[in-house]
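Chains: A, B, C and D, in written order; residue numbering restarts at 1 for each.
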Amino acid sequence: MKRAPVLLFFLGPLLWQLLTSLWPEAELTRPLPRSLTLANYAGLGGSFARAALNSLLVAAGTTALCLAAGAYAAFAIARLQFRGRSLLLGASLAISMFPPIATVSPLYLLLRAAGLRDSLAGLVLPYSTFALPLTLWLLTSYFRELPDDLFRAARVDGCTPWQAFVHVFLPLATPALATTAILVFIFSWNELLYALAFVSTPAKRTIPVAIALFAGEHLEPWGQIAAASVTATLPLALLTFLFQRRIVRGLTAGAVRE
Amino acid sequence: MPCAPPNEQTPCLPTSRETICTHHTTVRATCVLLLCAAACSRTRAPADAPLTVVFRHQPLWADPAAFQTFLARFHGENPGVQVRAETLPNGSDIAREMFVSALEGGADDFDVFAIDVIWAPEFARAGWLADLSAFFPQQGLRAQFLPAAAEAASLEGRTYAVPWFVDVGLLYYRKDLVPRAPRTYAELERFARAAMERQPGVAGFLWQGRQYEGLNCNFFEAGWGHGAPQAPEGKILLTTAAAEAGLRWLRGTLDSGLSPRSVLSSAEEETRRAFQDGRAVFLRNWPYVWAQVQAPGSPVRGKVGFAPLPTATGEPGAGALGGWLLAVNAHAPEARRRAAVRLVSYLTSHAAELELALHYSRLPARRAVYDDPRLREEAPFIAALFPLAATALPRPVTPWYALAGDDIQGELSAAVAGLRSAGEALGRAQRFVDHLEER
Amino acid sequence: MNARRQPLIMVAPAAALLCGVALLPVLAAIWISLHRSILVFQERRFLGLSNYQFLLGDERFWSALATTAWFTAVAVAAELILGLWVALLLQRGGGIFRAAILLPWAIPTAVSARLWAWLFNADYGLLHRLVPGIDWLGSPRAALHAAILVDVWKTTPFVALILLAGLQAIPEEVVKAARVDGARPFRLFLSITLPLLRPAILLALLFRTLDAFRVFDAIYVLTEGGPANSTETLSIYAFKTLMRSGDFGYGSALSVATFACVLVLGLGFLRVLGTRR
Amino acid sequence: MASVSLAQVSKGFAAGEALRGLSLEIRDGEFLSLVGPSGCGKSTTLNLIAGLEEPTSGTVRIGDREVNGLSPAERDVAMVFQSYALYPHKDVRGNLAFPLQIARLPRVEIDRRIGEAAEFLGISALLSRKPRELSGGQRQRVALGRALVRRPKVYLLDEPLGSLDPGLRAEMRGELKRLHRQLKATFVYVTHDQTEAMTLSDRIAVLRAGELHQLGSPREIYERPRTRFVAEFFGSPRINVLPARVLGLDGDQLAAIRPEHVEVVEQPEAKALEGTVEMVELTGAETWVTVAAAGEKLTARAPPDFAVEPGGRVWMRIPAGRVLRLPG
C-alpha cells in the first residue's frame, strides 16, 4: 500500500486543519482537544461571508469576461486564416508566464485613474492576464481537435465564420467551455497579489486576502483561522470532486499539447 | 473654499508622453472639487438633518462599551451630530496600509481617524490631513500637550493632528528579585544574573525582537541610551556610533544569554505574558502592561515596579514615544469637517483624556491632566508616569520614516538575529533611506 | 459584414484585453521605472537609469534574487521527484485517490500557507510537537525550507498530472515488448519509461520553474518575507517597495528586473526545448 | 445544372500537394471522377471548385460565371465528405435544414424540401435521430440529403464511400448512380478507388503530382491508357509492362498486355512465349498465374482446370491485337 504515505502527506494537513477548526480556543495549548465546538465557525461573522461573496463575484466576473472575449477568438485562431494568428497565440502563452508583480504598478495607476481601484470590477481586468491566455489555450486546442470537415461543411452550407462559430462550434464546445470555466474560476478564486495591491476597504476583500490578513485582537486566533480556511476550502473541494476528470483534462491539455 | 490645496509639486511631465500615468495633480484636484461640489449640494438640505461623522480607528481597548457611552455623551452635547465608530484590524502595519490606499484613492467615507504618531508626517505631506492650525494653533498645541506628541502632530509649522493619548517605552522589574531599578546597562545585567542564579529558568531581560515597528522602538531607545542624538530636524540618522552601539547591545543580550532566543519572534503580548507568568526579571514594554500585571490573579501582582529605561551613563533613559493622534480627513466634505473638528476637540479635551486615563489606563497627551487631583488619587501609576511621558522622544518626525519603516525593520531584524553585523545592517538601511529621500 | 474581416473582429476583444492588461502595462512599468515616483507625495521626475544603478548595488535585491533562485531550484526538484512517484501511483487509477491529491492544488495558496503556519507554530504547532528541534518559522534557514514545503505540498499534484499525461502517452506495446524481453520493473523504468517521459518532464520543468520564480502568496502569508527578510523573494521585495514604501519608481524597477529574469529563464528553456524537438 | 471549367489553375502549397496549370472541362450533367494516388491534387481541385480554397493562378468557372473569390454559398455548390461531417448536436432534420436556414428560405419551403429529399433517400424515418444513433450507410445518406436539399448547380463528392465497409460500398455505388441519373446534375467525384471510378463515371480525369495525365471515358482509359501510370492504375491484377523486344516488336517503346488477355497453355506452341510458373493465386472467380519468362514476370489468367505446380513449364499466347504500345 504505497499510497498511504502520499495520502497522509496531502490530506493530513487538511484534516488537521478541520480538527483545529473544531478545537476550542482555550484548549489550543493542549496536544489534543478534550471537546469539540463550533464556536470558531460562529465567530467568523459577516465580514468573512462578505469576503466569500466578493471572491465569488470576482471569479465569476473573470470567467464571464474571459469566455465572452476568448471563445470566438479561440475559434478564429483555431480555424480561420488571418495575419498575426500565430503571433497572438504565442503572445498569449508568453503573457501567461508573466510574473504578476511586473504589471502591479501600472495597473494600480490605470485602475486609480479609471476610478476602478478598490473595486471588485477593478480586479476582474488584471485577473484576465492569467485567465484569458488559459481560456485561449484550452479552447484553441479543443477547436483544433474537432474534425476539419466540420468547418468545411459549415462553409459549404453557406456560413460566414461567425455563423459557423455560433451554430456549429459553440454548441459543440460546451464541454470545453465548462472545463475552462472551472479552471479560470479556481485560479481567480485563489489569486492574492493583485487583490492585496488593489483592494483596500475590508468590505471588498476576497477570501485569500481576508485569510492572509486575518488578525485577531492580540494573539493569532488559530481556531478561527482554521474555520475560515475550511470554509474557503469547501467550495473548491466540491468543485474538485465533482469535476475532477474535467480539471485533469484541462490541466494536462493545457500543458501537454503534443 | 478651504479644501486642502495640493501641496508644492515638482514639475510634472507633460501628459502626452505618459501613456499610462495620468497627470496626478489634475486628477486629484478634480476629484477634490467634485467632492466639495457634492458636499455643498448636500448641505443645502434642511439644516437640522442629522449629520453622521464617521470615526475610524484601530481597536484601542478590550471593552469598547465605556467608549461608546462616552461618544453618546458627545451626541448629547451636539444633537445635530451622530458619531459612527468603525474599527480596523489590529496590526499597526496593516492599518496603515489600509489608510494609505483608502486616502490615496481619495476616500471620503470617514471623517475623523486615529493615526499612529509615526504616520502623521507622511499623511500630512501627502495632503490627506486637514490643516487644523486655525482650531489648534501651534503655540497652544505645544503649551498644552506633551512636547514629543505636539512635535509628531505638526509639519513645517502647521498643525495637522491633535495628540490623543501617548505611550512611552519603560522598564518593568521584579521588586522581589532585584534590590532596585537598574540605572545602567551594567547594573541591569548584574541584577539579572544574580536573580537568574537564585531562580533558575527565569529569563533575564525581555524585549520585542520580532521584525515589526516594535523592534524599531527598542532600537532607538538603545541608541538614545548609548548617547545617540535625537533625530535633528526630521533626518533619519542610523549610522551614528551610538546607534550602532545600541544595536550591538541588543544583539549582546542574546549572545550573553541575558535574553532568551524566543525574544526574536516576540512582540508586546508574548513578552508581557511571559513576564506576567513570572518567567522574567526585567521587561521593556508599554504602560498598558501595568494594568495587566496588577490585575487580580496575576502571578506577579504587587511584585512589579517600573522605571525609566537604563542607559550607558546612568542618566534616566528616554522611552520611545508611541500613541495616537486624532486627525480630520482632508477629503471629508465641508459640512462634516466642522463637526469632525468639534469631535476631535471633544475627544482631546481635559475631561475626555482624564476619562480615558481612568477607564482604560491610557497615558494622557495633555500635560494638565497629570496634575488633576482625581487622576493622582484614582490612577497614581499614570500620574507617576508624567516625567517619563514628558521626556519621551519621538522616532524621526519625517514623512519618510513611515515609508522607510519596513526596510529598517528588516535590517534591524537581521542584526539582532545575528545574520549581519550591526554596522552592516545600519549601513544598508541608511543607504535605502537616502535613496528613498533622494538625498 | 463580409467574411474577410470577420476573423480580425473576432480576435479584437481578446487581443485588446491582452494588450491592455499585460503588454502595455509591462512597457508602462519599464517607463515608470525610469522615474522617481513617490505616489503618496505626488512626486514624479525623470531619472533615467539611476533606479537600476541603485538596484545593482542593493544587497537586499541580490539576496532576494538568491532566495528566489534557491526556492525555485529546490521546490521544482522536489516536486519533480515526488510528482513522478505520485504519477506512477496515479497510473494504477483510482478516482478517489486522484481527487484527494488534487485538493491541495485547488485550494488558495494563502489558505494552504495559513494551514501550514499553524502546523509550524513555534508554541503549539503539530510539527513543533512531533519534531521539537526545528524552529520552523523562526530561524532564517528553516523558514525558507518551510515555504518550499508549502509550495511542494500545493503544486506536486499539478506536476504529477503532467507526468501522468506523459506516462499515458507512452505506447502500451513498447512497455509490453520490454517486459517480454525480460526487463525487471526498475530496469524497465530507467531505460524505457524515463527516457520516453523526457518531454513531459522538460515541460513540467519549464512550467514550474517560471511559476516558482514568481512565487509570492505562499511566502507572503507564511513569513511575510521574515525573519529578517531571509525568505524575501523578488516579488515580495517589489511588492513591499511599491505598497509599503510607496516608491513606485524603484518598485517598478524591481518588478522589471523580476520580469527580465523570468524572460531569460523562459527563453533559455524554449531554446533547450526547441533544439530537443 | 451547370458545367465546370478550370483554366490553367495552379495552387502552391507549403505541404507539397500542388496543382500545376490544370485545365479541365466538366460538361453540364456529367459524372466526372477525379482519380489518382493520394497527394495528386484531386481533393485540392475539389476544394478549388467548392471555393474552400483559392487558386494561386488560373480561373474557375461554374456555368458561364467566373467564381474566383466567391464563397461556397455564392457558387451554389454542395459537397459530401468522406467523414460525412454531420453536425453531431443536430438531429437529421436539423442537419438537412441548416443550409436552408442559413440561406434564409421560408419555413414552408424548408419542410417541403426536407420531406422530398428524405423520401428520395429513404431516410424519412430517421429525421428525429442524432447522427451518433445512425449506421454508416444511413449517415452517408443524410450527408447526401444535406447536399440534395440545396438543389445546387454542382455536387462535389470527396471520397463519400471511403469509410463504408466493402459490402455496403457496392450497394451505395448503385444508389449514387441512380441519384445521378434521376437528378441529371453535374457530379464531380473524387476517389482513389479505381473500381468506383470505372463503374460510376461518364468520364475520368487521372491526376498525378498536380498534373492531368489523361481525360476520357472509362473504356478509353482502360483500353487505351496513354501513359504507363494510367495503365497500371486501372485494372486488377495490374497490367503487365515489359520491353517491346520480349514480344518480338521493334523500337524501344514499352509493350503492355492485360493479364486477362494472356492465355496460358500447358503444351508447347510455336508463337507462344515459354516460361516457368512462379505462383498460382485463386481469387474466387478467377485463378491468376505469375510466369517468369525472358527475365520478366507476367501475370496471366489460368483456365479453370489449370493444374501446373510452381516450377512447371507453360506457354503463353499473347494476341497481337491486345498489345498496347506505351511511351518509354
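One rule holds for everything that comes next: a contact is a pair of C-beta atoms (placed from the backbone, for glycine too) under 8 Å apart; a residue touches a chain by one contact, two chains touch by 3 or more.
All of these numbers come straight from a predicted model, not from anything done at the bench.
Undergrad: Going chain by chain, each one touching the next, work out the least steps from chain B to chain D.
TA: The fewest steps needed to get from chain B to chain D is 2.
Undergrad: In terms of C-beta pairs in contact, which of B-C and A-D ranks higher?
TA: Spelling it out, more C-beta pairs touch across B-C than across the other pair.
Undergrad: Name the most central chain, where centre means the mean of Cα atoms.
TA: A
Undergrad: Taking each chain's centre as the mean of its CA atoms, which one is farthest from the centre of chain D?
TA: It is B whose centre lies farthest from that of chain D.
Undergrad: Distance from the CA centroid of chain B to that of chain C, rounded to the nearest Å?
TA: 39
Undergrad: Would you kindly tell me how far, in whole Å, the mean C-alpha position of chain D lies from that of chain C?
TA: 57
Undergrad: Once you find the CA centre of chain A and the CA centre of chain D, what distance in Å lies between them?
TA: 54
Undergrad: Measuring centre to centre with CA averages, how many angstrom lie between chain A and chain C?
TA: Once rounded, the distance between the two centres reads 16 Å.
Undergrad: Counting only residues that touch at least two other chains, what does the list for chain A look like?
TA: Residues 106, 109-110.
Undergrad: Can you pull out the residues of chain D that are in contact with at least two other chains?
TA: Answer for chain D, listing residues that touch two or more other chains: 71.
Undergrad: Identify all positions of chain B at which a residue touches two or more other chains, and write them in rising order.
TA: 20-21, 97, 100-101, 104
Undergrad: On the basis of the stated criterion, which chains touch which? Give every pair.
TA: A-B, A-C, A-D, B-C
Undergrad: Can you name the residues of chain D that touch chain A in the complex?
TA: Interface residues on chain D, with respect to chain A: 47, 50-52, 71-73, 77-79, 81-89, 98-99, 102-103, 146.
Undergrad: Which residues, counting only chain C, touch chain B once they are in their complex?
TA: Interface residues on the chain C side: 24-25, 27-28, 31-32, 35-46, 54, 57-60, 122, 135, 137-138, 140, 225-230, 232, 240, 243-247, 250.
Undergrad: Contact residues on chain A for chain B in the complex?
TA: Contacts found on chain A: 106, 109-110, 112-113, 117-118, 200-202, 213, 215-219.
Undergrad: So in the complex, the part of chain A that touches chain D is made up of which residues?
TA: Residue positions touching the partner: 147, 149-150, 152-153, 155-159, 163, 167-168, 171-172.
Undergrad: Would you mind writing out the residues of chain C in touch with chain A in their complex?
TA: Contact set of chain C toward chain A: 1-3, 6-8, 10-11, 13-15, 17-18, 20-26, 28-29, 32, 39, 85-86, 89, 94-95, 97-104, 106-116, 118-119, 121, 123-124, 126, 129, 153, 156-158, 161-162, 164-166, 169, 199-200, 203-204, 207, 210, 213-214, 216-217, 220-221, 234-235, 238-239, 242-243, 248, 251-252, 254-256, 258-259, 262, 266.
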